[in-house]
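My questions all concern the structure below.
Order of writing sets the chain letters: A, B, C and D. Residues in each chain are counted from 1.
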């Protein structure tokens, strides 16, 4: 595969960004050991940058990242790509607006994933970030396109950037890798708060029209100038 | 707007203080990502210092802070003010004794906020710090004075320096920004302890006369010499 | 009060030790803000070294510690002694074997304190460390000897080095300050584990004869050579 | 006992590795104070390297480690071996494939251990790592071979590398010490997630055939090239 000088430069930059973003996962309590991974689409090419398999978080620098095509075939790298590469690749192939995908086994989101019911939108921050409930995806085994298809089918019908794959854990998407990492952090946070609320009693729902108005405002105000870091 | 030399000096000092106090929010587990903010009234002027919108905690130095008037209009700063500026400004306009306001989405306080019932005063530390139950404010959408009004209306009838705005999260006030940060830290701590107690059984209430006597003593002993750091 | 050269040297050494031990409290999640305190009896004198009131954990060095007599009167120091000085002093006056006292509001122990029932001994580590259930003390207001008396009356009838004062929080004792800090760390840990167990179901009790045999062995093996750091 | 030059070199290397691996225990929230320990079999000799008793985690360097034979008798070291040496030694004597043993009192695993029922396999990560439920071992007192025998008897009939000894805490095994530490980290993580799930409702089970297929794939893919760090 021939890589133009411009794409070369984009890849090098993404290798550094994706490596650095992995530090947010343990820092926010989303992963232990080597679990969890971040990937980024390479704009202008049918390529993605993703975490290598089985490398510890202390060793995850730009050089350790691997590059694959959008079917998960290795293009560059000294390690095997993450075992979740096929799922991320499927998402990039089928959802053109997605620039980043994150997968973790963060505890509260994974706990919700075992129950088969969406996480109810009872927080203004959920309305802002996810536009409603966080949906549950199907149970799917690793090894073919089942996980990727489950993610895409679930998120296509939802405003949410997070899906909890049943008995497995959250996958989040974003316009770029940082946005997908933000969605993973926010997803665990709201899954935790709603779980704590349910232990105390029955959380009051937010009326749908209020959810709509919070989501619309947040997308418009924070979206227009790249301020996707809102809630502050 | 002309700013006298004395106010100039006060603003510069508050910019540094408010920037530094933001570090207490992630350090005490009250915020993730860029959520949460601290503000301070500028004594002697109708101004306040507040966190900018969408700036990460690592970049929050004195220069990054913004100054607004007490209607939230930008007076100084290279960033937009926090999206919670209108709520804080409303509080400063209506409660003259308030010198600092803090807002977070800390998990236990936010969980309690969804239930519609106050957090019951079952801890001596709650009696000391909050003088009774921590009240719940109304559900209010961002965009006008509803949140500010909800905070002020709820806190006017209460000894508490914390209010849990329904389905949203805690706002705390203090005589200055540090005191409001302390209230935010204490609020999450007691919300957590009472939540844990409720999972174990039915916590014993503290008689009202004992709550009164604890609160009175704490205000007098710790208040007289600036020792608002009590409980030790 | 005249202080001999030997006592002078002991006090200086205890000031440093007690200051350093305070770092264990936030490190183990037992305290927030300036809450919590450690004290040590000065062997050979009717004196104790304790944390000053309202000083942040970052500033707690040997010089900041205060020395009081065993009625809580200030003997040395630039700050007021902790507001829990009277309780600690009462313990030193009435329990001759106690060389250290620690008080925190650690969340799980404080949650248990509101329920009026002892924490049941369902863990071998509880049998080792506390010799049975962790008892609840009476509800007592600050300001006279009620707290100190409640601690002493409860611990006199128990093997436990920890008592949970009702609606208030844990006090722990030890042969020296480090031993009391260890008891505070272990107390929160077992209060947490037993709370988690109760959320999952009904923990199996440990027969009294097994509790006795675990406690006896632990005291003898770890006690004989100063190895009070056991459980490893 | 005469130690060949090759075994000497292996022991020195294992002393460093085992010392370093202890840092993973507090880093992952598995131990407090001096509780918990890691050991490694010395390949080619009837020896093991284990943590000394009652030494704090800050002082655990290669020199502090102790060497015992597989009956727990001290061969090298300036400290007594961990009080769990007999249990680890029993495991090494009876399970030839085990190269590392870890014991902690990690909170969620220990909470489950009090209930007398296995932790149900409701997570794909559990199927990958443990091949099914995590079993509960018998209640056993320290002092003879009861704990070691309980571990071996339970794990012999299971794919799991973790056993929760009743009312005591988890023991994990691995092909080497690092693998056993990984199992301890993963064990606490899944015990926590399943506990959180149970507080929210009734987790959906994973069909046995899917558990089998996940476990088989994970062993084969990650096992063939030493990639036991999977789940990423």
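Convention: a contact is a pair of C-beta atoms (placed from the backbone, for glycine too) under 8 Å apart; a residue touches a chain by one contact, two chains touch by 3 or more.
As the structure is a computational prediction, the values presented were derived from the model and not from experiment.
Novice: Starting at chain B, what is the smallest number of hops through touching chains needed to reach chain D?
Specialist: Steps on the shortest route: 2.
Novice: So if I superpose chain A on chain D by CA, what angle comes out, to the nearest 5°?
Specialist: Rotation angle between the two copies comes out at 90 degrees.
Novice: Would you mind working out whether chain B and chain C touch using mostly the same residue numbers, over half shared, or mostly different ones?
Specialist: Shared-number fraction below one half, so different.
Novice: How many angstrom between the C-alpha centroids of chain D and chain C?
Specialist: Chain C and chain D have C-alpha centres separated by 32 Å.
Novice: If a residue has to touch 2 or more other chains to count, which residues of chain B qualify?
Specialist: Residues 199.
Novice: What are the touching chain pairs in this one?
Specialist: The list of touching pairs comes to A-B, A-D, B-C, C-D.
Novice: If you look only at chain B, which of its residues touch chain A in the complex?
Specialist: It comes out as residues 32-37, 51, 53-56, 80, 82-84, 105, 107-108, 110-112, 114-117, 139, 141-143, 166-169, 195, 198-199.
Novice: Which positions of chain B touch chain C when the two form their complex?
Specialist: Going by the criterion above, the answer is residues 28, 122-125, 182, 185-186, 189, 192-194, 196-197, 199-204, 206, 210, 213-214, 217, 221-222, 227-232.
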